[in-house]
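Chain nomenclature is as follows: A, B and C, assigned in order of appearance, with residue numbering initiated at 1 for each chain independently.
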Amino acid sequence: MFYFIIDILGTIAFAISGVLVAMEKKLDLFGVFIIAFVTAVGGGTLRDILIGNTPVAWMREYTYVLIIFITVVLAILFVNQLKYLRRTLLLFDTIGIGLFTMVGIEKGLTAGVSPVMCIALGTITACFGGVIRDILCNEIPVIFRKEVYATACILGGLSYFILVLLPIYTTYAYIGAICIIILTRLLAVKFKISLPNIYRKENW
Amino acid sequence: MFYFIIDILGTIAFAISGVLVAMEKKLDLFGVFIIAFVTAVGGGTLRDILIGNTPVAWMREYTYVLIIFITVVLAILFVNQLKYLRRTLLLFDTIGIGLFTMVGIEKGLTAGVSPVMCIALGTITACFGGVIRDILCNEIPVIFRKEVYATACILGGLSYFILVLLPIYTTYAYIGAICIIILTRLLAVKFKISLPNIYRKENW
Amino acid sequence: MFYFIIDILGTIAFAISGVLVAMEKKLDLFGVFIIAFVTAVGGGTLRDILIGNTPVAWMREYTYVLIIFITVVLAILFVNQLKYLRRTLLLFDTIGIGLFTMVGIEKGLTAGVSPVMCIALGTITACFGGVIRDILCNEIPVIFRKEVYATACILGGLSYFILVLLPIYTTYAYIGAICIIILTRLLAVKFKISLPNIYRKENW
């Protein structure tokens, strides 16, 4: 039940981020809904396609479609108020990537792929909804340009596979990894930490 | 036989729309062919991938590749004449989305997914060839910005699942749904109907 | 062993081309790695998804991820020197598409699809990593605009299916086809051969 609520909150946060990007591009009602939908379920869909877990997750479960639909309607109605919620949205979004990463890792383990690939699947689950959103909106994906976002997912995934080696319950490793993802991202945002710069000023 | 002819006409119309967009972008011969191909088969391919129906449809059937190839050659040769055929092309295209939507719904039913997801699959089959075309050509997909296009597919899909509840032959429901899609789109084009505007002038 | 070395060289060349495009777009470290990765494995991934060969190839084999990772690190460190290696990179890249085309064809034959579709799969394996790279970097894919690139893959694929009809070892046909792809591309680059122009000056 706890997981389910967090999962829903993450989905809502992702859908809202989709609505905001789509409305900046002045898409119509259908476009806004599709972008919100793709942002929320795109990462999990790509993960399911890569491991051959079809029909993909959202085809087997109404809840997500329904929640995204309601989120879109509310987000469009209250779009001006949303702008004052950036901080809350960041929190949901961060909880969302934490949980989505672990969902991806679990699906990878179930599909029998190796830990490194599980971490990749977790990162894809958490991040590629946003990548597809940006491609559909004709932007270079934001996570390729700035923000410690995918990096937090990778760190969290690594932590999980280290934590499960310890003599603790798997559930604790699971929750620990989610906390590491959330903390990494929030600290990076707060202290404006970014990945090391690879461009020398004089050359680029 | 009747279905087959309509299917072919739809494929041709979709391929031509691909050629026109690709030539506006001044792509080379290979680029034009790929864009035409993707426009015609992209929606069905995405549908097959989502439900795990692989190898995807066009890999198992030569006809489409051959027809698209011939269409591209003719469209390039007679590109100037095509501009006078906008009305005819619109008709083919509209018939095409009507049929493609129902093909998608049928495949969804065969794959055992629920009615709402079948409607999503139908809409994907009809519309996402154009979405992939626009992404490859570095444009925001046109169906996210204007035109009652996907909306017609969704309405048609809904109608089908309402019509099959009536005591009539499934074939009639099938044909009825196609007619509803075609009519919705043609009326929307004729009377310049669009989705309700979600932007307030003063805010955006 | 010989195949393996060429395969690795091709992967390296593809990854480097990804790094160069990503750095031109000023992506961050994560973005550069993802673009390099996608350029190197994207074609094979799309092929595997289309024929339903999942989990996709790179999920089952560490080598590629490791090699791409090392390539990215070295390429970023020595990016200025890379600019003097254009000729060497072109050679690796050309050997890469030759081999990748044949890998795709073999996978298609194993999946039981017909020769024409095998050629399509070979071309996808060789070319669509670059297509996905360009889409993620918000460019119209370069192979749709210029260069005899995909055309070389198609010619090579055709040659293979003609050569296997001759009373020679399949291995010879395999190597022959790779040579034809490499020669076609190198000659086209050297003599600046391109596909026939489909635009009349006065119209476009």
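We take it that contacts are C-beta pairs under 8 Å (C-beta built on N, C-alpha and C of every residue); 3 or more make two chains touch, one makes a residue touch a chain.
Predicted, not measured: the structure shown is a model, and the values here were computed from it.
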Counting residue numbers used by both copies over all numbers at the interface, does the chain A-chain C contact come out same (over half shared) or different (under half)? different
When the Cα trace of chain A is superposed on that of chain B, what is the rotation angle, expressed as a multiple of 5 degrees? 120
Measuring from the mean C-alpha position of chain A to the mean C-alpha position of chain C, what distance in angstrom results? 30
Numbers and ranges of chain B residues touching at least 2 other chains: 49, 52, 135, 138
Please give the residue numbers of chain B that touch chain C in the complex, ascending. 22-23, 25-32, 34-35, 45, 49, 52, 54-56, 59-60, 62, 65, 76, 79-80, 135-138
List of chain A residues in touch with chain C within their complex: 49-52, 111, 113-114, 116-117, 120, 131, 135, 138-141, 143-146, 150-151, 194-199, 203-204
